[in-house]
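The first chain written gets the first letter, and so on, giving A, B and C; residue counts start at 1 in each chain.
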Amino acid sequence: MTTYFNEMFDGKSVRDPYARLGDWMATMPADRRLEKQAEAEALFRRIGITFAVYGEGGDPDRLIPFDMFPRVFTNHEWGKLERGIKQRARALNAFLVDVYGRAEIVRAGRIPARLVFQNEAYERAVAGFVPPKGVYSHIVGIDIVRTGPTDFFVLEDNCRTPSGVSYMLESREMIMRMFPELFRENRIEPVDRYPEALRRTLASVAPAKCDRDPTVVILTPGHFNSAYYEHSFLADLMGVELVEGADLFVEGGFVWMRTTEGPKRVDVIYRRLDDAFIDPLCFRPDSMLGVPGLMDVYRSGGVTICSAPGAGVADDKAIYTYVPEMVRFYLGEEPIIPNVPTWKCGNADDLGHVLSNLKDLVVKEVHGSGGYGMLVGPKSTKAQIEEFRERIKADPANYIAQPTLALSTTPTFVEEGIAPRHVDLRPYCLVGERIELVPGGLTRVALREGSLVVNSSQGGGVKDTWVLAE
Amino acid sequence: MLLKVDHVTRYHYAPAVRGVVQSHRLTPSRYDGQKVISWEVTVTGGEKGGAFRDGAGDWVQAWTVKGPVEEIEVRVQGVVETTDMAGMLKGHRETVPPEAWLRDTPATEADEALRALADSARHDEPLSYVHALAFAVAGAIAYKPGSTHEHTTAAEALALGEGVCQDHAHALLACARHAGFPARYVSGYLFAAEDGTPHEAAHAWAEVHVPGYGWIGFDPANRCCPDERYIRLGAGLDAREAAPIRGIARGGAAERLDVSVSVAPPVAAQSQSQ
Amino acid sequence: MLSRTADNLYWIARYMERAETAARLLEVGARIALLPSAQGYRNDWDSLLRASGNAAGYAAKYGAPAEKAIESWLFFDRDNPNSVASCITAARENGRIVRTALTGQVWDALNTAFQELRQLEARRASCELSRLTDWTMKQAAMVRGSIDATLLRNDGFNFLNIGYYLERGDSTARLMDVKYYVLLPQLEYVGSGLDNDQWSMLLRALGAHRAFHWAYGGEITAAKIAHFLILNPQSPRALITCVAGMANHLGRLAKYYGRETPAQPAVQDLLKMIETATVETIFDEGLHEFLTRFVGEAARLGAVIHDSYLSGDM
């Protein structure tokens, strides 16, 4: 039987960061808790926060369960995480600039050329281009899991357009509104400067041809998209326009938006749209969501696209295993937060190990996301394991395997009261002229007892994440 | 050899469209085999957009035309001095590494027949292998204008056994990539006065990256490597990517296209027009 | 402001006003059904369908007019783009798209209307007609009120108001036309007692019955009603009030943006058409002809506003 690290109860005693929450929890009557929970849900629905995190799809009017029990980090714990996250964000960006330039890391033999240049996410169309300030990934979402008091691992990198940050902000708003007393008793680092920090980050990467206060917009696939709420929420808090492809057009060497006062030039586009759809002239010709000619303007320095097209080559699961190598190669440092040990089924040696230990491993598709196309060995039946074995054998290079991690737990409100549930963490690191990390993130919680899958499509919820001030 | 190019493309839109955006790869590549004496591209009513040299070394120039517009004429005029390099792309600067040219596209995906064709030409020595591939493709697809269309894939052309230069190039790309050689589609011009086929003056062929040699051009349609009769414009994974003119009109009207190209030594071109 | 955002705001207003119109038509219908009719009960319902602007859609789906089917068509039916349900859904969807241009209160009002509508739909069999119309008026008032109380007086506010006034003018003209042209085509009924009963009912449906008596007193006559609903600037639904409202908000837009568009002269033309009219000239031209001309001119003005601000192709 695996034992899991409980972030609140360390054996018999309550760990420091949760000390005050322990009292709060002990003194809260059950009916007040239920009342508050209902109030929170009604509020979420009324505000209309009904979107799926991480592009998991599904019913656009679905609410993601919100757990009121906060997850807490000490200032010291966060300090280490912050250094590790920033280090990783820096290395990933250095890698992107490199592989679209001289690809020194490939020439040095540290990463196989095939993994980079034959990767679906490698965009030949941006090769030879260095985006403003040398940044490809402006918002790096790094998924982190914890297994012990000082044991953190990076599970996954998201260099394209990591979603869910609106949950980080709304969860905090919700808790502040419902339990203001908690904020008097605990000194909690605020997260509400995130939108302004994001706006500043985006403005700092304005293109070479921009000679004034840059106009920033968010480009959304439209109001049918499951993350539309988040797009409009961020646009509102940042004070920028939320545009669809049809609101923009290219003329001369610039991108313009259609306004009631005539065309207005756009300098920075924070797009929440995949590469393939942003310009039908350059990529998918059938895309109705993009802006024809956008890529030529981008490449000639008339507009900045965030994240930069092509950034996805850094967050592929096959590339993931090489990120520690990137940290060493570009920064000359050792990774502060290690990777989860990973076997690449494409390697004959690794494959043998994986196939003979399937019942203990988590196996993932290299390009999959959202917890689909995934085998959790210890939680699977014999038949499921055998079925997956055949899938791996048919296309080994498409799979990686990791040990089943003993994900930490935090107290969570459940039907019967309070019980430990497994959690992960996604902080959002901003990279522009400077590199910034708001102290907090999105904590996802697996609400089903014993479940290690935190994805909202598989019964996951969200929590407020606290970083205590010193 | 001096080659004079006069290439006119006319787009007619009915009804008028709200605007047009184009991306041109219409400037001769910079490499040891060709030198631009003069070169000009004009677009009626057009405004020049951004321009840049892309990772493959091609010069890209964007244009926009404000609507309402019913007709656009894109005219390319210039003189290029060419040298026979035996197909070798020497002195060409590019960022994209050869490995990035191993990817398939729907038009160049090798089916069983293409793979068999490639395997039938197998040769231990890489350069001989690629030559054999080019000849195999030329033998398997007879040159026949009008037998295929813009969207015909390599596999379809091989099954048909007929095609034009685009189909030859696609088939060679499919075979070469299957054999493990990086390969790309090249668009350009060809001085083809000898066989009197002026429509082939806007031409296409393939380049294959051969270990020890670098990029080499192969023109299966004419069973040769590009020489001083060829002007190279740009490259892509397939015909769509390498198109000298890519464009989108806003407003979704019906589009009709007229193209005329003449490529000839300057004196000959003059005598033809008199 | 993005042209599309302005367009969404404009349509929020138009759809909310249109929902109210559909509810008013239902109310008119309910009252008509309680009274003896010159040409029979069925024709009255038929005329309502024509006033709602989509009689063909109804005929294709239900065939002959029938009270229950018409109620359902005007309130619940999603196949009818002008039904209360369609309009409130569309208004809320437009609101969702431009939430950043709305205050929390306005969004709340739109969203609440939509959420309650879904509850009404779930138990539609047990909904009384009068409750449905009251509910619709209340939702429209809540949205309108939250706009007036909380929104910045910026360009978006002007686009919302332009939408309201354009739609309201159009619906007043259509409601009048139902009465004058469809219900009583034969000349001999005009000025008869029956006529007055039904005019009176029309005033009730427009929520203007008491206001009318305060303003005019005495006998209800066609001339007084025409004056009240077309020419009296005190009357909130009069055509002149609607056009003057548009002129006001288009003028504010021109000032706000520091530039005129073809929309400003166009609205002045329409205003002049009404300001120079009198009850006599209207009846000389024929009320139906006048109203038809107004509806056409208003639609043309709508197109000019669209081209000048909302299409994004300037």
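Note that in this section contacts are C-beta pairs under 8 Å (C-beta built on N, C-alpha and C of every residue); 3 or more make two chains touch, one makes a residue touch a chain.
Note that the structure is a prediction, hence the values are computed from the model and not measured.
The minimum number of touch steps separating chain A from chain C is 1. Chain centroids computed from C-alpha atoms place A closest to the centre of all protein C-alpha atoms shown. With centres set at the average Cα position, the gap from chain A to chain C is 48 Å. One simple way to say how far apart two chains are is to compare their mean CA positions; for chain A and chain B this gives 42 Å. Between the Cα centres of chain B and chain C there is a gap of 60 Å.
Across the assembly, chain C contributes residues 313 that each touch 2 or more other chains. The part of chain A that touches chain C in the complex is made up of residues 46, 48, 223, 228, 232, 235-236, 241-244, 246-247, 257-263. Chain C contributes residues 1-6, 93, 96-97, 99-100, 107-108, 111-112, 155, 159, 253, 257, 259, 309-314 to its touches with chain A in the complex. On the chain A side of its complex with chain B, the touching residues are 100-103, 106, 113-114, 116-118, 122, 124-129, 249-253, 280-282, 285, 292-293, 296-297, 299-302. Across the complex, chain A is touched by residues 19, 21-23, 47-56, 60, 62, 64, 66, 94-97, 99-100, 102-103, 237, 240, 246-248, 250 of chain B.
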